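Have a look at these structures, which come just after this line.
Shared between the two complexes below is chain A, which pairs with chain B and chain C, respectively.
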Partner chain A sequence: QEFQFGPCQVDGIVLQKLWQAFWAMKDIVQAQDNITSVRLLRKEVLQNVSETESCHLLHALLRFYVNTVFKNYHDKAVEFGILKSFSTLANNFFVIVSKLQASQEKMFSTRESARRRFLLFYRAFKQLDREAAVTKAFGEMDILLRWMEKFNQL
Partner chain B sequence: HITEDTSDLLQHVKFQSSNFENILTWDGKLESAPDTVYSVQYKTYGEGEWLEKEGCQRITRKSCNLTVETSNLTELYYARVTAIDGAGRSATKMTNRFSPLQDTNIKPPDVTCIPKVRSIQMNVHPPYTVIRARNGHQLTLENIFQDLRYHFNLRINHTYQMHFERKQRKFEFFGLTPDTEFHGTVMICIPNLFKESAPYECQVKTLPDRTWT
Partner chain C sequence: DGVAVLPAPQNLSMQSTNMKHVLTWSPVIVPEEIIRYSVEYQGEYESLYTSHIWIPSSWCSPTQRPECDITEDITATVSYSLRVRATLGSLTSAWSTLKHRFNQNSTILTPPGMEITMDGFHLLIKLEDLGPHFEFFVFYWRREPGAKEHVKVVRPGVLPVYLETVEPGAAYCVKARTFVKAIGRHSAFSRTECVKVQGEALPL
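Let's turn to the complex of A and B:
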């Protein structure tokens, strides 16, 4: 499948594979998150994102997921027996980040507004206990995938 | 201070959802005392406050319709039930995080199978849901799921069947033998979400060919 995040084009993402990986572990992962009153990827972060902003925002979010969320959730993934799904998502996110890297560096116009959106997510993350925040972020990947789906060039 | 284990009062609190009709169900104790009452609350994920579901406070039945309260397809929801038995013992249990879009099951389509002499036409009726757009317009499954497809299937005999996948709701199988019984099915498929309805089934006989009589 081909995705167009504003000026950034990303090929080779099979979103169904990512959905399948997430659903295989959704209930296990989300059951560990009992802070029902906090949503990290809330409307203000992902709603009404302009095309040009989307590349920056996705790059920032996925890089955070790769460098922080996946990194700190690996042991839990082993503990819960969900390593296969975990690896599918981690590897695909890593590939997408590297594909976005080059093109998003050349764009400066909407970087600031995308950064403000990311900071909303990041501050909410930092306000939680570290382990709880990682678990919550990991359990919100369906929100991220749902948002990415909109940029699919069917 | 010993806290009594009351988990037996309440089990399997979950959403049962079909075409976005979202019903909260649960189980009580096997020999649940008739005086056990249940109260339901719900919330949008990310909100602080639990809201009481009117009409499902201190009820004795084990289900509650939360369709209206969970009708925003971009939101995620939780619900929880509190059970109190005659002896004053209580237990509270919460659902998994509920995503109407992901978690709803798809009902079989409503279809009219029209036999002709050498063909059978299958017309799927618009699959309306309980979801309404902002302008009050009732949405169909096609409005909600862009990649929705219909799988039309006709079994010719024990070994041979015809199968077609379409976005359109109407399909006609041609080249059939007159005055013959056929078994047709139609399913709704949503590939992106790996959803598939149970089949609608029709047993139908082509008309006799009277051209030479």
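Let's turn to the complex of A and C:
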């Protein structure tokens, strides 16, 4: 499929494969998240995002997922036997980050507002115990996938 | 078993056609013994962030055949490392790693097989089923000077496809090619096929 995040275009991502990977591990992953009163990817982070903001915001979020969330969840993925699903999501997020990287660097207009949104997510992440935060963020990937779906150019 | 050390599989090679990816290697031969093989893979993410971790392939951990269909394991358009080792009882060989990393965007795309049929005055096309990755771009036109070329995009699994209502006595031609969104590439065109419609041409 082809995604258009404002001026940033991402193709070669089959979102259905990402969904299948997430569904395959959803129950086991979300069962580990005991803090049900907190949501990292809450409305203020993802709602009413302008087209141009979306490129910056997605780049910041996915880079955080690749560099921090996946990295710190990896041992659990081995433990739970969900390496295949983990690999599918990690490698596809890796592709998206690299495709967004170039184009989002050339845009300055909405970078600050996108950064404020990311910081809402990041501060909520930092307020939790490290392992709990990584588990919660990993379990919230469906929120991220659903948000990305809206930018799919059918 | 009389085998001190089991040799590692040699001559690893990837054959990828129409998004079907098969890893092959030379069999390890130990007379009167059954050798099993295990295949593992790493995507670009694993190579960069967790290089000590390899993931067993879906269908070949283990297998007795010197080949492995890894199509289901390749789930992103990144470069993958692949490795194989042999096992005989408690003996295991060293790993052999594919020399060049594999990316699905290098798959060979062949022109699609197609069959043109008529149902009354309806021109239909039946296309080769190549799996969920494939869309088809079908080009068709009436064979006469200055005729306009039409194109129809056919999603996977839709067969046969209605193209056009034709006129008696006229001739129509069709060609097609595939498109794979995951890698953003087209195949070459199929051969052009033409059909002549029965009956007298309508008076002008």
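Keep this in mind: the second predicted complex is superposed on the first by the 154 of 154 C-alpha atoms of A that agree within 3 Å, B and C clash if a C-alpha of one lies under 4 Å from a C-alpha of the other, contacts with A are read in each partner's own complex, and residues count from 1 in each chain.
What we mean here is this: contacts are C-beta pairs under 8 Å (C-beta built on N, C-alpha and C of every residue); 3 or more make two chains touch, one makes a residue touch a chain.
Values in this document were obtained by computation on a predicted structure and should not be read as measured data.
> Overlaying on chain A: chain B and chain C, fit or clash?
They fit side by side.
> Just chain B (first), just chain C (second), both, or neither: which does A:Leu15 touch?
Once the two structures are laid over each other on A, A:Leu15 reaches chain B alone.
> Looking at A:Thr36, would you say it contacts chain B, chain C, both, or neither? Reply first, second, both or neither.
In the superposed model, A:Thr36 contacts chain B only, not chain C.
> Touching A:Val66 in the superposition: chain B (first), chain C (second), both, neither?
So A:Val66 only meets chain C here.
> Have a look at where A:Thr135 lands relative to chain B and chain C in the superposition and call it first, second, both or neither.
It touches nothing on chain B or chain C.
> Check the residue A:Ser54 against both partner chains and state whether it touches chain B (first), chain C (second), both, or neither.
neither
> A:Glu149 contacts which: chain B (first), chain C (second), both, neither?
Touch status of A:Glu149: first partner only.
> Taking the superposition as given, tell me the minimum C-alpha spacing from chain B to chain C, whole angstrom.
Checking C-alpha atoms only, chain B sits 8 Å from chain C at its nearest point.
> Starting from the residues of chain A touching chain B, keep only those that also touch chain C in the other complex, and list them.
none
> Would you tell me which residues of chain C are touching chain A in their complex?
My answer: residues 43-46, 48-50, 53, 55, 58, 73, 75-78, 105, 133, 181-184.
> Quick check on the complex: what are the chain B residues that touch chain A?
43, 45-48, 74, 76, 78, 94, 96-97, 99, 101-102, 146-147, 191-194
> What does chain A use to touch chain B in their complex?
Where chain A meets chain B, its residues are 15-16, 19-20, 23, 27, 30-31, 33, 36-39, 42, 139, 142-143, 146, 149, 154.
> Taking the complex as given, what residues does chain A use to touch chain C?
1-2, 11-14, 17, 21, 66, 70-71, 74, 78, 83-84, 87-88, 90-95
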